[in-house]
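Below are two complexes that have subunit A in common, paired first with subunit B and then with subunit C.
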Partner chain A sequence: MESGEDATGRHRLHLRPDTLRDAAPATLHLLPCEVLASRPAPVERFFTPAIRQRADGLEVSFRGRTLRGEEVVVPPGLAGYVMEADEKAEVLTGLGRKHKSRVEDDGEGQTRPEPLERGFDRCIGATASFDRFHLWGLETIPGPDAKVRGALTWPRLAAAVHAPVPED
Partner chain B sequence: MKRGLTFVKLVNPCSGEGAMYLFDIYLQKLFEIKVFKEKCHSWFINQSVQSDGHLHFATPMDPLFLVLHYLIKADKEGKFQPLDQVVVDDIFPNCILLLKLPELERLLHHVTEEKEINSRKYYKYNKEKTLKWLEKKVMHTSAALKTNNINVGARVQSAYFSGDQVSSDKEEDYIRYAHGLISDYIPKELSDDLSKYLKLPAPS
Partner chain C sequence: MDLSELERDNTGRCRLSSPVPAVCHKEPCALGVDEAGRGPVLGPMVYAICYCPVSRLDALKALKVADSKTLSESERDRLFAKMEEDRDFVGWALDVLSPNLISTSMLGRVKYNLNSLSHDTAAGLVQHAMDQGVNVTQVFVDTVGMPEKYQERLQQRFPGIEVTVKAKADALYPVVSAASICAKVARDKAVKNWQFVETLQDLDTDYGSGYPNDPKTKAWLRKHVEPVFGFPQFVRFSWRTAQSILEKEAEGVTWEDSSIEDQEGPGRITSYFFSEAPRPRPPHRYFLERGLEPATIL
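This part shows the complex of A and B:
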C-alpha cells in the first residue's frame, strides 16, 4: 500500500479477489511499542502462553514490561484483511510484456515499443483475515480516548460524509 | 474492463497531492484509503512481527469530490466542456477511471450547469449549486455525529478529525465539526466560502 515507488501515480496495484475468499483467520495483537524489524517471530512460544485473564482485562509481559489489553472487534460492516504485495514485483517489471493482463491492455499491436510504465503494475493479495484483534497498552488498557478507538469510528462517519445527498 | 479491485493513486481534492484509492471495477465503486498511524506501535500477526502498527481503512468515497477538483480547475477557462476533457491529469492519469462510474452523471447536476449539444453533454462548474450541495452534506454529517454519539468537544481527538476544538456539544459545534470533516475533501478556498455560507463564526 505504501506508494513511495509510485511517484507519478501512473501505476495500478491489482488486488487478487480470490485471495479475499480464501484468507484464513489470523491472530493479531497491536502492541504499544515499536519493534524495529518486520520478520517471523515465535509469538506462540513466548507471547501467547503468557497472556493471563484478569478481572478487568488481559495481561501479558513483553520484554519485561507489563502490558494490559482487551479484545477489540472489527466494526460491523467491515472485514479485516492482512495483505502483502507480491514479492515478484521486480521480476514482474522485467516480464511486463509477457504478463497476460498487460497484453490484453495493449491494443496497439506488438511492433510498437511498450511504454515503460506498463511494466510497473503490481499485484497484492490477502494472506489472512481477522474480525477482532487484541489491543495492548503499557501498564493500562488503552482508554476511550485512544487514537485507534477513534479511528475505528471513522467508517461510520465516512458513510455520512460520502452518502449521496437527497434530491430537492 | 475486467472484474477486479485495483488500488490507484489519484489526487487528494483538498491538498492536491497524491492519495490512494480503491476501485471496485465490478461494482463500479470508489473507495478512499486512510491509514491509522501512531508512533510506537507494532503488530503481531500470527507468527510474525510487523514493525509499523498501521491500520488501513477502505471506505466508500463520493466520487463527486474528486470530479469537483477537476471542474474547479477547468472553470478557469470559463466554458462548458465535456467531462472527458475536464477530468484530465498528467500526474494522476488513472483519473480516467472516474469517468467509468455509472452514478457520476446523475450526481453532476449538484455542482454544475449542463448543456446538451448533438446528444453530447457539456458541463460547467457552478459555485452556488456546489455550496448548496455541500450544505446538505454538512447537515447530514452533523446528524450522523449526533446519532453516533461522537463527542465533538475538545477532549476527543481521533486519528483523522481536524475539526476545531470546542468546549461543549452544541448544535453549532456539530455543524462546525461536520464542516471540518467535509473540508478534508474540498479546496481551502471553497471551505472558507462554505463556512461563510453556513454562517459559522470564525474560530476564536
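This part shows the complex of A and C:
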C-alpha cells in the first residue's frame, strides 16, 4: 500500500472483525474461466443440480463446456473467508463511531478520533466462510499440480520467511 | 417406449433397445439407420436402428412405414405401436444424445463435430445390434454429409456386411423409414417430457419447432437467457443462434484456451520502438507458478 505510486490506488483497510465470527459457511466453486462481470449468480438453481459424480471425480458443464472437478480442503491452520469491501459512506460513519476508542495524540495533550477519509479508508468484511471448495478444470480434473493448491502453501512459507530470526 | 432412464439423467447419452426377436439371431437381417433432431437448437438428437429378417421386409413394407417427415405425429405413434406388435420379427434400438453431450462435444478443447459424432453413434448402434446377436447382413443408412465417404468408412468398419449409404434412404428403404419413425417418436417424447436439470422460474414450454430459424424458438431462447450461466442444458450452446444470443445478452466469458487475440486488442505499433513506461519487475517464479499476485486494489 505504501509503495503505491498512484494516489488513487491507495487505501487504508479496516477489517470488521465481528463479520468473521458471523460468516456462515458457503459452498464455493473455482471455475477454469473468467466471467467478465461481478454479480450474483443463481448457482443453486443452475449449477449445483447439474453436478454429477462420476467414477473418477465430479463432472458438470458451464456454457456448454465440460468441467471436471474435485474438492480441495483448506490446509490446517488456515480459514477461508469470502471478503467484500463496503462502498457506502454510511458504513464509514458507522466505523468512525465504533472506533471512537481508537485515539491519537493531537500534540496538545488532547485526543481526537483518527479521521476517516472517504475514498481512502475502506472497510472489508466477511460475507461467508469456507474450509473446503470445489476446484474445476476444463475437461480434466485439476489434480495435485493445480495452481491454487500451490497458492495454498504460500501462507506457511510466508510465515516462515517473515518470522523473526533469533540473534544467535 | 420407456424413456425413464433418460428422464433420470439427461446430461449424457442413453441407449434403449427392444428385445431381439428370436428369428433375427438365425436369419440374415437388414438393418436401417436414421436420426431425428439433428438441426434443432433445443433438445436431444436421437439415433435409431430398426432391423428385421431380409425375408420379412415385405411384411415391414406392408405396415406402410414411410419417411417420418411425411407423417403426422399421430401416424408415427400408430406405426411405432404396430412395429411393437410385430416384435416377433422387428427389433429396434436408440441412442439419445443429450443437448449437453452435443454442446460439450462440439465445444471441447479438441472439437468433435456433429458429423463425426453422428457417424460414430450410427456405427455404435450397428455394433450394438451385432453384439446382441442380430445376424446383420445388410445395412442401410440415410446419409450425413457425403454419402460416398460415409459408406466407405462404414464398409471398412463392418467388412462382412453390405453397407448402403444414400441420401433420402428414409424414403427408399422400409427399414430406414422404420428407424426414422423410432427416432422421431423418441425425440418428440424426450422433448415433451424434458426434465430440466435447472430450477427455472416461469418456464415457458412453448419452444416452437426447436429449429433456429423459428421465431418462436428464438423468442424462447431470448427469454431464458441467464446472464452468467447462459442457458439451461436443454439448449445446444454450440449452435450459432445460441452463441449469438449469448454474445449480446449474457456476460462475456474467457477460457484458458480462448485465443489471445480474443482477449487483448492489438498492441500499439509504437510499442516496438519506444518503451512507453519502465516495465515493472516480474514477480518471482514461485508466485507466477502459483497464480499469486499482490493485492493492490480492492
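Convention: the second predicted complex is superposed on the first by the 124 of 168 C-alpha atoms of A that agree within 3 Å, B and C clash if a C-alpha of one lies under 4 Å from a C-alpha of the other, contacts with A are read in each partner's own complex, and residues count from 1 in each chain.
In this section, contacts are C-beta pairs under 8 Å (C-beta built on N, C-alpha and C of every residue); 3 or more make two chains touch, one makes a residue touch a chain.
Quantities reported herein were computed from a predicted structural model and do not represent experimental measurements.
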{"item": "Which superposed partner A:S61 touches (first subunit B, second subunit C, both, neither)", "value": "second"}
{"item": "Touched partner set for A:A26, first subunit B, second subunit C, both or neither", "value": "first"}
{"item": "Partner chain in contact with A:E34 - subunit B first, subunit C second, else both or neither", "value": "both"}
{"item": "Contacts of A:E139 with subunit B and subunit C, given as first, second, both or neither", "value": "second"}
{"item": "First (subunit B), second (subunit C), both or neither touched by A:P17", "value": "first"}
{"item": "Partner chain(s) touched by A:A163 [first = subunit B, second = subunit C, both, neither]", "value": "first"}
{"item": "Subunit A: partner with more touched residues, subunit B or subunit C", "value": "B"}
{"item": "First (subunit B), second (subunit C), both or neither touched by A:F46", "value": "second"}
{"item": "Touched partner set for A:A128, first subunit B, second subunit C, both or neither", "value": "first"}
{"item": "Footprint overlap on subunit A, where subunit B in one structure and subunit C in the other make contact", "value": "1, 9, 11, 13, 32-37, 39, 41-42, 44, 47, 124, 147-148, 150-151, 153-154"}
{"item": "Residues of subunit A defined as touching subunit C within the complex", "value": "1, 4, 9, 11, 13, 32-37, 39, 41-42, 44-47, 49-50, 52, 61-66, 85, 122, 124, 138-139, 147-148, 150-151, 153-154"}
{"item": "Subunit B-facing residues of subunit A, complex", "value": "1, 3, 6, 8-15, 17, 26-44, 47, 78, 82, 101, 104, 124, 128, 145, 147-151, 153-166"}
{"item": "Contact set on subunit C toward subunit A in their complex", "value": "9, 11, 100, 103-104, 106-109, 197-200, 226-230, 232-233, 236-238, 242, 246, 251-257, 289-292, 296-298"}
{"item": "Subunit A-facing residues of subunit B, complex", "value": "2-10, 18, 20, 22, 32-36, 38-53, 55-57, 59-62, 91-94, 103, 107, 110, 133, 136-137, 140-141, 143-145, 148, 150, 155-161, 181-182, 185"}
